[in-house]
C-alpha cells in the first residue's frame, strides 16, 4: 500500500506551494488547489480504509501494516527516529475522519473566508495542519508522533492567530501554544524515560512485546513510583494538554478566536482528539504496565466531563458553549479508555471511545460549521444577538437540530450508540463514574438545546442597522441562508450523523483488533435516553419562548452561576502563576541579579583596580630623595627577607 | 602548505585586495568574491571529506599537513579536519557569506570594516583547521581582537563600554587558557604541541586536576559559561549586525569546540572526575539565560540571553561525555550558529528601518515588512525547537543522549534542562507577538520598505541552511557522530 | 682598650677600617636622604663611593695582599666618581639656571 | 704581553673608530660638509652593524677581563639596530637650528653609552663591568639633560644622575663586599668561591640592585617615569629600549655565570620583583595621561615580563629573553617614534590630544596601533610570540602561578593600550591633531619597525638563530 505515502506528501506540497507563492496568485486559485488536494487525499484515505478492512484477518485480528518506514535520525544503535506509515484499525479510522472533516472545512471555507486578507495563507496553513495531523496518526514510533505533535501545535498556533492584527487572537494563539508546549514537555520527558528503559521508540514493539521490553524496568522506581508509571503519566499529560483535560483545558475556549471553520477542524474534530488517540495507541502499555495511571485517566476524564458540562450551561458565546461541550465530550472518550478492559467484551470502553471519537468528530464539526454559518449571517457570537433564526436559515436550523439530538444521545442518531457504550462501560467499571457520566450526559442534552433554542427560537430576530462583531464583511442586515459551498458540508455531515450509528464499528476497531460485537445494554440505554429527553424538555420549557426562569435560576444559584460563567476562575489562577510568580518573582529578579550582581562583580574588578591606582599615586611624589629612600628600603627589605628565609 | 590553508589564505588575500581598493564598488566586489570563494571551498572540502571517508580512510584527521615552525618549542603549523571541523567550516562560511551581505552598505569606513572583518574570519577559520595547540591559541586570539574595533567604531549604544568589556573578559578567558595549554604541553611531556600527538600520551591525573578546569573555563568564557557570560549581552547589544552574527554565530562556538577538542579530548580523566561541577554551572546557564531573556525589552538583549541559554546547552551536552550527547552538542553549535545569525541579521535590518530595538516601541511589523516578519517567525520557531528546523534535531539529540546516562543525577539534570524549551517558547512568542503582530505602534513605521536584494540573499541563505539541517539531519549527524568516536575512545581509555 | 693599644702599636685590625667605611657609607646614605641642597647630596654620594673604596683597599691590604685588584678598583672608582661629580655639577648648574636654586625639593614638576 | 689579542674586540674597536671619525668630522668639517654629517654617521653605523653581525667563536682576552660569547654579537647587533632607529627618528630634531650645533655631541654621547654597554656585556670582571656600567650611564645623564633650556629636561637630568649615582654607589659597595668575601673580581673564578654565606648574599643583593635600577624594576623604578617624561623623546626611547635591553642581558649572564650557587636566593627575589613590577606598573599606567609617562610604566611592566625569562635560568630562557628584547625594541621604538614626531611638530603628548588621530594621520595611528598591539601581545604581531615564549620558558620550570599572575596582568595592560587605540580610532574630536608630515629617515625607521613587528614573529628563523647560541644553567 505504498500509495498511502501520497496522503502525507500531497498536503505538504500544497503547503509549500501555497506558502511560497503567498499573495501572488488569485485567492480562488489557491483555494481550489487546497480543496482539490484535500479531495484527493480524502479519496485516497477512503480507498485505504476499504482496502485495509477488506483484508481478511490474520488469527482473528487485523495485522499492523508498515508500508513505508525510513530512518531519519539515529541517536544510538537502538534509538533512532524513523519516519513511516503505520496502518492499523485506529490509524485508518483516523485517516478517514481527518481527511473527511478537513475536506469539508476546505469547501466550507471557500465561501466563509471569501475576501479575507491572506486567503492563500489560510489555505497554506490548513494544508500544513492536515499534513501534521495525518502524519501524527500514522506515526510508527513515539518520536515521529512527537514531531508531528509539535507541528500540529504550531499550525494550530498559526491558525488561531490568523487574524494577527487582533490582539485577542494573538494572545489566544500564544496561550494555546504555550499551554500545549508545557504539556509536551512532560510528553517528551515521558518518551525519554520510556525509551531509556525499553531502548526503543517503536510502537509495534512497545505494544506487542510489552512483556519483554519492560523487563528491564522491573522494580525500577523513582520517588516511590515505578519509572514506567512516571513515563506513562508524562505521556498522558502530553495528551491531556492537546485534548484539553482538566486542568490544562484553559486554552481551548480562547482558541475560538480563530476563524470558525478552523475551530470546527482543529478544536472539535481532529487535534483535540490527538490526546485520546495517543492514549489509545499506548493502551496495552497502560493496561498491562501501569493500570493505576489508566485509572487516573478515568478519574480526570470524569471530572473534566462534569466540570466542562457545568460551565457550558451558562456560557453565552455560542462558540464557547461548543468549546466546553467539546472538552466534555473528549473527556467522555478519555473516561471510556480509562475504564476499559483489554480483550473480548472487557474492551467495550476502548471500542466505545474510538466510536465516540468518530461520531463526535462528525456532529461536532457539523455544530461548529452550523454555528459558523449563523455567525456569518448575524456577525456576532453572542446569543443575545440571535433568536428566531429558523425562519431565515432553514438548512442550518435542521442540520443543527440533528447534531444536537446526536450529541444529546437520542436514537437513532450516531451519538446515542457511542455514548451508550461509554456509559455502560463506565457502569461496569464503577457505579460512581457511571453516575457522573450520566449526569454529564444529561447536562449535555440540556445545554445543547439551550443553545439550539436561543439561536433558532426564543425571541424573534431584531434586524440591526449596522453589522458588527466577529468577522465583518459588512453586507446584508437581514440574515440569510448560507451559499451552497457552506450548506453542502452541513448537509453531508448531517447525513453522516444520521447513519453513522449503524456502522458495525466494533467489527473494525477494538482493543485487541479481534472482532467485537456491539450489544446495547438495555437498562443503561433506556435510562440514558430518558435522562436526555427529560433535560431536553426542561431546556424546551426554559428557552423555547423567552421566560424569566433562567434568570430566576441564575439568582438562586448565583454562586454557582457566577463561578461557572467565569469558568471557575481558572484563567485567573493561571494568570497569577505566570504573571505574578514566574514573570515578576523569577524572571525579573533573575534579570536584576544578572545585571546588578554578576555583571557588577565583573565591573567591580575593573573599578577596584582604578581605585587602587588612584590611592597609590602618592608614591610617585616627584621627590628624588623619597625615591632613594624607597630604593634603600627595597634593598634592605630584600636582604632581610633573603637572609631570614 | 596544504589546501586547507586556503581558508586562511583567502581572507588574507581579501585584506590585500581591500588595501588596494578604494571605491565602495571595488570593496564590495572583493569581499563578495572572497566570501563566495570560501563558500565554494567549504562545499568542496565537505564533498572531498565524504569521498575520503567513503573510501574507508579511518584516520582521526584527514588532509593533515605538518610544517615545523618553531623547532625549539616543537611548535608546528599543522592542519587537519575531521567531521566536526568540516561542520564548523561550513557554518563559518555560511555566516561569513551572509554577514558580508548583511553589511553590504556599511557606513562609515567600509574598507576598514571589512579589513577587520576578514582578519576576524582568518582567526575563526584558522582555529577550526589547526590541530596544533599553539596555532589554535594564536588563531583564537586573532579572532578576539578585531572585535574591539569592530564594535567600538561601527557599533551602537554603549559601544565603548560593551567593546572594552567583551575584549577584556575574553582576554581573561584566554589567560586561563594559555596556562592550561602550557600545562598540557609540559605536563604530558610531549615532543610536539600537536593535539593528536599529545592525545597518545597520558597526562598525570593530579596535573589534569589543575589544568582541566583552567582550560575548560578558558574556553567556557567564550562559550558564555555561567557566571562568565555577562560580556555577551553588552557586547552583542552594541555590536554591528555582521559582527553580532559572526560572533554569536561562530566565535561563541570556538568555546564549545575548544572545550571539546582540547579540554575533554586531552584530559579525559579529569573531565570524568569534574564534569559534575561544570554540569551544574551549565545547567544553570541553560535555565537562567532563558529566564533572564523573558524580562528583556531590547531585541538584542533577548537574543543574547537566549544565546547564553543555548550555548549553555552545548557545554552541558559536551560534559555528558557520551557520544550521542556530544553529537548533539556539535549539532547544537551548528543550529544555534545559524539561527542566532539569522536573528541578529533580522534585528539589524529591522533596527536599520525602525531605529529602535525596544519591543515596546514596535508592533504590527508583519503587515509592513512581510518578508522580515516571516523570516523572524521562522527564526523564532527554529529557536524554540520546531521539528523540520535545525533547533529540534540538535536539542532532541542532546536530550536523548544526556538521558542515556546511567546516573540518575545526570538524568534529573537533563529534565531540568528540558524545562528550558518551554521558557524559550514563552519569550520567543512574547517577542513575535509584540513586534510583528497586533496593531502598528508607530505611525512612522507605516511606510517602511521591505528587505532589499542583498538582505534577502543573506536571510534566505541562512533559512535554507536551517531547513537543510532540520529536515535532513542524518547526513550531518552521521558526519559528526563518526568524529566524536575518538573522543569517546579517549574517555574509555 | 686593646683597640687603643693596637692603634698605638701601629697594627690596626681590619674591623676598625670596615667600621669606619660602614659608618661613612650610611652617613652618606643619610646625607643623601636628608640634605636639601643638591651639592650636599653630591658630597654624600662621594662619601658612599669612598666607603666602598676603603673597603676595597682594606680587603686587598689585609686579606689578599698578594695582588692589586682592590687598589686598582679603588683608583678607577675615584676616577669615575670624579666624572660623575663633574656631570652632576654641570646639571646642577643647569638647574640653577632654570630655577635659580639648587634645592632638591624644587624638583617636583613631574610626579604621579 | 701580546696586545694584538685586543684586536679581537671587533665590535668595540669598530665603534670607537666610528666615534673618533665622527668627532673629528664634527670638529674640522666645514658648513658644507656638515650637511652630510647625519647621513654619513648613519651609513657608518649601518656599516658597523653589518660588519659585526656575524657571531664568532667564544674567546677570553686580557686575562679574562673581556669575555666573548657568540650570543653577545646578537645582543650588540640588536642594540646597534635600536640605536640606528633612534638616530633616524632624531634626525629632524637634530637638524633644527637650535640643535644643529650640538649634533656632534648627541652622536658622540649616544655612541659612548653604546660603547659602555658593549663593555658591560662582554665584561669578565667586576671592574670592567663597573666601568662599562658607568660609561653607559654618565653620558646618558647628559643626554637626558640635553635640552638645556627646558626646565623639565634639566630636572629629569638631575633626577637621573642623582638616582643613578646613588644606585651605582650601593652597587659598588656590594662589589667591594663580594671582593672581600672571595678575593677575586673575575667572573671565571667567582662561581666556585661564592658559597652562599650571609655576607655574600647581602653583597649580591647590594650589587644586583644597581642593575635592577637600570632595568627599573619596582621598587627601584621611581625615577623612570619622571626621567622619561622630562627627557627629549628620542632619548627616552633610547633609554627605555637600549640601556634596558643591555642591562637585562647582563643580569641574566651574571646570574647564571657568577651567582649560579645563589640560585635559591635570586629566584625568589626575581619572582617577587616580577610580580610587584608587573602589577604596580600596570596599576599606575591605567591612570596616565601623558603618553611618555604612560609608556614609561608600560616599559616597567614589560621589564617585569622579561624577568620571567630570567627566572627560568634555562637556555630557553635566554633565547626568549633576547628575542623579547628584540621585539620589544621594535614595538617600543615604533610607539615612541610616533609620539616624538607628534610632540615635535605639535607639542602634544596628552592622550586626549590623540582623539580622532585616525582621521588626520591614518598612517601614524596605524603604526601606533601595531606597536601597542605588539606590546600587548596580540597575534599575529611579534609581541604575541615573545610573550608566549617567555611564559613558556617560565612554565617549563613549573612557574605556573607566576605565569598566571602575569597573564592576568596582561588584561590590565591590554586595557590601557586599548585606551590609546580608543582615543585614536573611536573618540571624536573637534580639533584633532593636524596632519603631520614625517621626513624620510623617520619613514625609514617606521618601515623597519613595522616590518619587525609583522615578521619577526611569523618568520621563525630569527628565533631559531638566537636559540642556537643561547646557554643557560
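Worth pointing out:
A, B, C and D are the chain letters, set down in written order, and residue numbers restart from 1 in every chain.
As a working rule, contacts are C-beta pairs under 8 Å (C-beta built on N, C-alpha and C of every residue); 3 or more make two chains touch, one makes a residue touch a chain.
Just so you know, these numbers come straight off a predicted model, no measurement behind them.
Listed by label, the chains touching subunit C and subunit D alike are A.
If you compare B-D with A-B, the chain pair joined by more contacting C-beta pairs is A-B. The distance from the centre of subunit B to the centre of subunit D, with each centre set as the mean of the Cα atoms, comes to 43 Å. Each chain gets a centre from the mean of its Cα atoms; for subunit A and subunit B, those two points are 37 Å apart. Centroid to centroid, with C-alpha atoms defining each point, subunit A and subunit D lie 79 Å apart. Each chain gets a centre from the mean of its Cα atoms; for subunit B and subunit C, those two points are 67 Å apart. Contacts with at least two other chains are made by residues 168 of subunit B. In subunit A, the positions touching at least two other chains are 606, 617, 620, 622, 624, 628, 632. Shown for subunit C are the residues that touch two or more other chains, namely 32, 41, 104, 107, 109-112. Listed by label, the pairs of touching chains are A-B, A-C, A-D, B-D, C-D.
Residues 617, 620-625, 628-629, 632 of subunit A are the ones touching subunit C in the complex.
Within the complex formed with subunit D, the residues of subunit A that make contact are 606, 609-610, 612-614, 616-617, 619-620, 622, 624, 626-628, 630-635, 638-639, 642-643, 645.
Interface residues of subunit B facing subunit A in the complex, by the touch rule stated above, are 165, 168-169, 227, 230-231, 234, 288, 291-292, 294-296, 323-324, 364, 366-367, 370, 381, 384-388, 392-393, 396-397, 399-401, 403-404, 408, 411, 414-415, 418-419, 421-422, 425-426, 429-430, 433, 436-439, 473-474, 477-478, 481. On the subunit C side of its complex with subunit D, the touching residues are 25, 28, 32, 38, 41, 45, 48-49, 51-53, 55-56, 59-60, 63-64, 69-70, 72-73, 76-77, 80, 83-84, 87-88, 90-92, 94-95, 97-99, 104, 107, 109-112. Taken in their complex, subunit D has these residues touching subunit C: 126-127, 130-131, 134, 138, 141-142, 145, 148-149, 151-152, 154-159, 161-162, 165-166, 169-170, 172-173, 175-177, 179-180, 183-185, 225-226, 229-230, 287, 293.
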